[in-house]
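Okay, handing you the structure first.
Chain naming follows the written order as A, B, C and D, and within any one chain the residues start at number 1.
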Amino acid sequence: MKVGILGATGYTGQELVRLLEQHPEAQIEFLGSSSSAGETYNEMFPQFMGTPLGKLADEQVPDVDVLFCALPHGLTASRTAEWLERGIKVIDLGADFRLKDPEVYEAWYKVKHPAPELIPQAVYGLPELYRQEIQGKVLVANPGCYPTASILALAPLVKNKLVKVNSIIIDAKSGVSGSGRKASLGNHFSEVHENFKAYGVAEHRHTPEIEQQLSRAAGQSFMLSFTPHLVPMIRGILATIYAQVEEGVSEGALRECWEEAYEGEEFIHILPQGILPQTKFALGSNHVFLQQKYDKRTGRVVLISAIDNLVKGAAGQAVQNMNILFGLPENKGLGGRALWP
Amino acid sequence: MKVGILGATGYTGQELVRLLEQHPEAQIEFLGSSSSAGETYNEMFPQFMGTPLGKLADEQVPDVDVLFCALPHGLTASRTAEWLERGIKVIDLGADFRLKDPEVYEAWYKVKHPAPELIPQAVYGLPELYRQEIQGKVLVANPGCYPTASILALAPLVKNKLVKVNSIIIDAKSGVSGSGRKASLGNHFSEVHENFKAYGVAEHRHTPEIEQQLSRAAGQSFMLSFTPHLVPMIRGILATIYAQVEEGVSEGALRECWEEAYEGEEFIHILPQGILPQTKFALGSNHVFLQQKYDKRTGRVVLISAIDNLVKGAAGQAVQNMNILFGLPENKGLGGRALWP
Amino acid sequence: MKVGILGATGYTGQELVRLLEQHPEAQIEFLGSSSSAGETYNEMFPQFMGTPLGKLADEQVPDVDVLFCALPHGLTASRTAEWLERGIKVIDLGADFRLKDPEVYEAWYKVKHPAPELIPQAVYGLPELYRQEIQGKVLVANPGCYPTASILALAPLVKNKLVKVNSIIIDAKSGVSGSGRKASLGNHFSEVHENFKAYGVAEHRHTPEIEQQLSRAAGQSFMLSFTPHLVPMIRGILATIYAQVEEGVSEGALRECWEEAYEGEEFIHILPQGILPQTKFALGSNHVFLQQKYDKRTGRVVLISAIDNLVKGAAGQAVQNMNILFGLPENKGLGGRALWP
Amino acid sequence: MKVGILGATGYTGQELVRLLEQHPEAQIEFLGSSSSAGETYNEMFPQFMGTPLGKLADEQVPDVDVLFCALPHGLTASRTAEWLERGIKVIDLGADFRLKDPEVYEAWYKVKHPAPELIPQAVYGLPELYRQEIQGKVLVANPGCYPTASILALAPLVKNKLVKVNSIIIDAKSGVSGSGRKASLGNHFSEVHENFKAYGVAEHRHTPEIEQQLSRAAGQSFMLSFTPHLVPMIRGILATIYAQVEEGVSEGALRECWEEAYEGEEFIHILPQGILPQTKFALGSNHVFLQQKYDKRTGRVVLISAIDNLVKGAAGQAVQNMNILFGLPENKGLGGRALWP
């Protein structure tokens, strides 16, 4: 299986290289970068010294079986049709094909969608929810990091109408790598370290993505509150989610709903009661850790979900999608567990 | 003004020494510690080298004008009557006198209150809310760190009935120093660093303290959701607070309510629109940073509040209370601004 | 290949589990812990949720092919004879068999060596130097973390007499995980974070281990300066090493010496000139990154060496040794590259 | 005393504001910035909210008594003559006036010195060494951060000929703030956090500054090795220094030399034996912490020196120099102690 990566110098790109270099069925054929074409990959990223990864190419994509696009939004959609015509399967780690409605895309991303006609072909690549649908597709919209953590926690409860959808609040926290590799005052070590803040309050672009998927699960359209925060760490997302429980729903029913939804899912772990998720449980791995607590004082359930934003929230999930597209076991190349400590 | 500190080796104790050592009217007479009596303070804490702080005493309190108690809950209340009889004013940085109802204390702290008869004498030492009440008192219950951040943000809105009290959710995040100086696996560097987690979900002891103060402000009793999280940093609390806005309340009214409530308060800063609080704005200082955002999509307001948990959330507020008790300007000894970066 | 781990709850033990669980030829049969026997491994360490690792056993070692001992010094040596008699190969990640002279052991470790008669059987498990010697042995003394980083940088230069041995100074820096999982004030997050210090100046126990190996390489006994420091990070060692270059030795000769010594070594990377090692290049991997700089102003060469203290400095090197003992390719199960970022 | 600050938005500039805003004799009259002129200082740096600091000016310096220049090298020297003519005392926190020989400046800074004729007027502003000389001067070259930590540890021993000057090696470690506020990949949180590296090996610009001062102390010219490292923390420098002790010099003599040199110095603390310096002892304060250890095995002494790079290593020392220039007590405005934790 020949694979290519566009945007190979970003953090998601590097993480794809780390995973695919160890994947027994994948052969990295192409590492593309608009800004660093011509540079030797291993000299830019010495963690790969000794592995023959060659030089970064410009963005002319050769014939590969699958292309991972880890590009800023807008750049992938405009070229996707060409790749699909050439028989290349496309897994987009950007935002271009996640939203089904191009007007919603334009409202939140402030640009016109470059290829709205391709949107219907794209499948939302969250395997635990849409495994069947992904098989046989050629264009995968790999979910955003916050949406992955949020939707996995909420979708079963929403689908089974155990919580009031209009009460949902997602308070999410992410490590700094989520903002990418481009240097800015906002990710300067001295500004971020020993510091904590919210950002994008009530206006983060992952909001409509989460709403779209949960509205689909609920069978009704609704809106929710989503607040991202920046944690002084590199990797990891933890979402703390609040929802009012529907009348008559028992504590046991809430837990059983998750257990049924994720029975047999090897990457999803509903933790034993009393053990709360920590982002580090997932560090460097494709695993998801979930816990819930019913608060009888307020009638709310608190859901907690932890992932590694660069693995299950990006590159790992993309490899999982690739495995599905090519009929491989879903865990191929994704066996690694978290570094601890 | 002769001051004494019980629990002088803990993080709150050290912070009291840092502030009081620079306070122009205070003279540290007594540093007490049950575990380290006899040790030279400066050798335990070389940051004070050159300042003659003497040896740690056992817990026999000499004649001082004011005694700061930075002890685990239960240890202060049992001895307070004696100190008050000797004419010593007491500022308790622990939890013993914060809750007005000893039964609530027992339900959350799992011990019988050692001196319920003293509770009525105690004033809740949040100067921006209860300044008048604090003057002339001899026993101050210094607020908890999470309550300080939470109550300052919410009290004006609740008092003015701008938000629905039953919708309030406080998602709070704290640095590790909040858990004290005693070593445990939970504060081991290798377990906390590059990690993020929630703890005490739906059962943290600061919940009833916040509810008590806000119920008082609201003129009605209610309950709320409170979830603390551990941030891989040392100092700082940021509370992200969600509440449904009452019908007919405008965005402007929400902001004006804060502005009126905190007009002239030198430690409270309602940030200009577009600037979100960061815990680092407050690092090492007694200042509070507030921002709010009305989300018209959901009808909720998001409040954000940032403090240094060891200063405004503990030692700084205690010094502020001391200044009030002794008729000094409230900012005496509290002029320092945050270290940045 | 049935493997057992004694000390399975420490950081080295957890890292052995992480590596061996993915090793295609190894089957973890036994996880021993004196303090946590009876506990379910996955509940203590949820990063392994979903992998059937069973319960921690006490320290009765069953019949396994190889036993990894990740115990405090003194505890392994007293039981090794029994294991060897039962045909179990032993890889000791502690200090008991690293020093050839039991008197040196006693001088630095302050205890009598429990089994000096076994010392001659033990091989120092640094494959890049002693590969041939390791084959066919049954008792491996896995090197210390600082010695691994230091010896790999210095041994070729010392052996080829390119530097003056009496001028060697090793200034080494380690992440906090090197001090283990036991909580103490010294590894309390709030004491270590945003802080940097030296420790054990001129008296660290790894000093004689380094001296022994380098004296062997030099063919003459000598002493050196070694200073460890604590870096506010979890994993990683970087050693900065100074040595006076022998008269007449050219800059080129210094580099060629390394290149010859490590030609074909897949875990050793002599970085291209201009690229300095960073500990993160090695994070979570068994790789070693080296650079050198000849300073003509002072006639000294500065060597820099970076490893992950828990992998090449402990568990990874132990697995490498296991592969050698059992005739497997040395990199089996050790293919992973550093997490970046 | 009217003070102005050029380069007021950098980290050194902000630190000057923090210190001077609390200084009882200083009045900040002018905050200059070439890049941010016109912006409101408090909105850029909300930690100062409530303090009327006004807007940033361009770089036209008004009539002030003293001007602090926190600018990149080259920018101060070209304008200094004008300021001196106007009677403004100048404290340069940059490198322009630190080196006495303009050729050395040009060799290391790769630019021609803009005003070599002013160099003789400049005094090297290290009060503990040159207090007398500083009084009455109008142009102070405030020392570099690494030189401050290094020279204070070495100068007395070198001056008293207790160590062999040609054996000196300085292995120094700094927090990230030392590289300034400008964002770059090199100070991106995700690249620096959980990472450690050396930089500028054998070519850092502070090398000739240290050599110049120590050669002056020794009464003979010599060269030394200096290696800086980047620690994943914001503030703090720790220098670990190695030197061969001269024959016949006792351990006691080494310590007494320091004690005599620094007797009565309120910012210098020679720690009691057994207590090693930590950078955090100095965090946010102008204090210096020293320790030494004689290693009889190798005949070397190891010196350790810790400071806050932005205070004693920059802004605090500049304020100390200002106090000297204006005949104030040297500690005026510098009373604060380290934040701990």
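The criterion applied here is as follows: a contact is a pair of C-beta atoms (placed from the backbone, for glycine too) under 8 Å apart; a residue touches a chain by one contact, two chains touch by 3 or more.
The structure displayed is predicted, hence computed values, not measured ones.
Summarising the inter-chain layout, the chain whose CA centre lies farthest from the centre of chain C is B. When the C-beta pairs in contact are tallied for B-C and for C-D, the bigger tally goes to C-D. One inter-chain figure worth recording: chain A and chain C are separated by 36 Å, centre to centre, where each centre is the mean of the chain's CA atoms. The distance from the centre of chain B to the centre of chain C, with each centre set as the mean of the Cα atoms, comes to 46 Å. A straight line joining the Cα centres of chain C and chain D is 38 Å long.
Shown for chain C are the residues that touch two or more other chains, namely 11, 175, 177, 181, 190, 193-194, 232-235, 278, 280, 283, 341.
Contacts from chain A toward chain D in the complex involve residues 11, 175-177, 181, 183-185, 187-190, 192-194, 232-234. If you check the complex, the residues on chain B that touch chain A are 169, 171, 173, 175, 190-191, 193-199, 201-202, 223-225, 227, 229, 231-236, 238, 240, 242, 276-280, 283, 293, 295, 297-298, 300, 302, 304, 306, 341.
Put simply, chain D touches chain B in their complex at residues 11, 14-15, 18, 21-22, 43, 45-51, 177, 181, 193-194, 234-235, 266, 269, 271-272, 275, 278, 280-285, 287, 289, 335-341.
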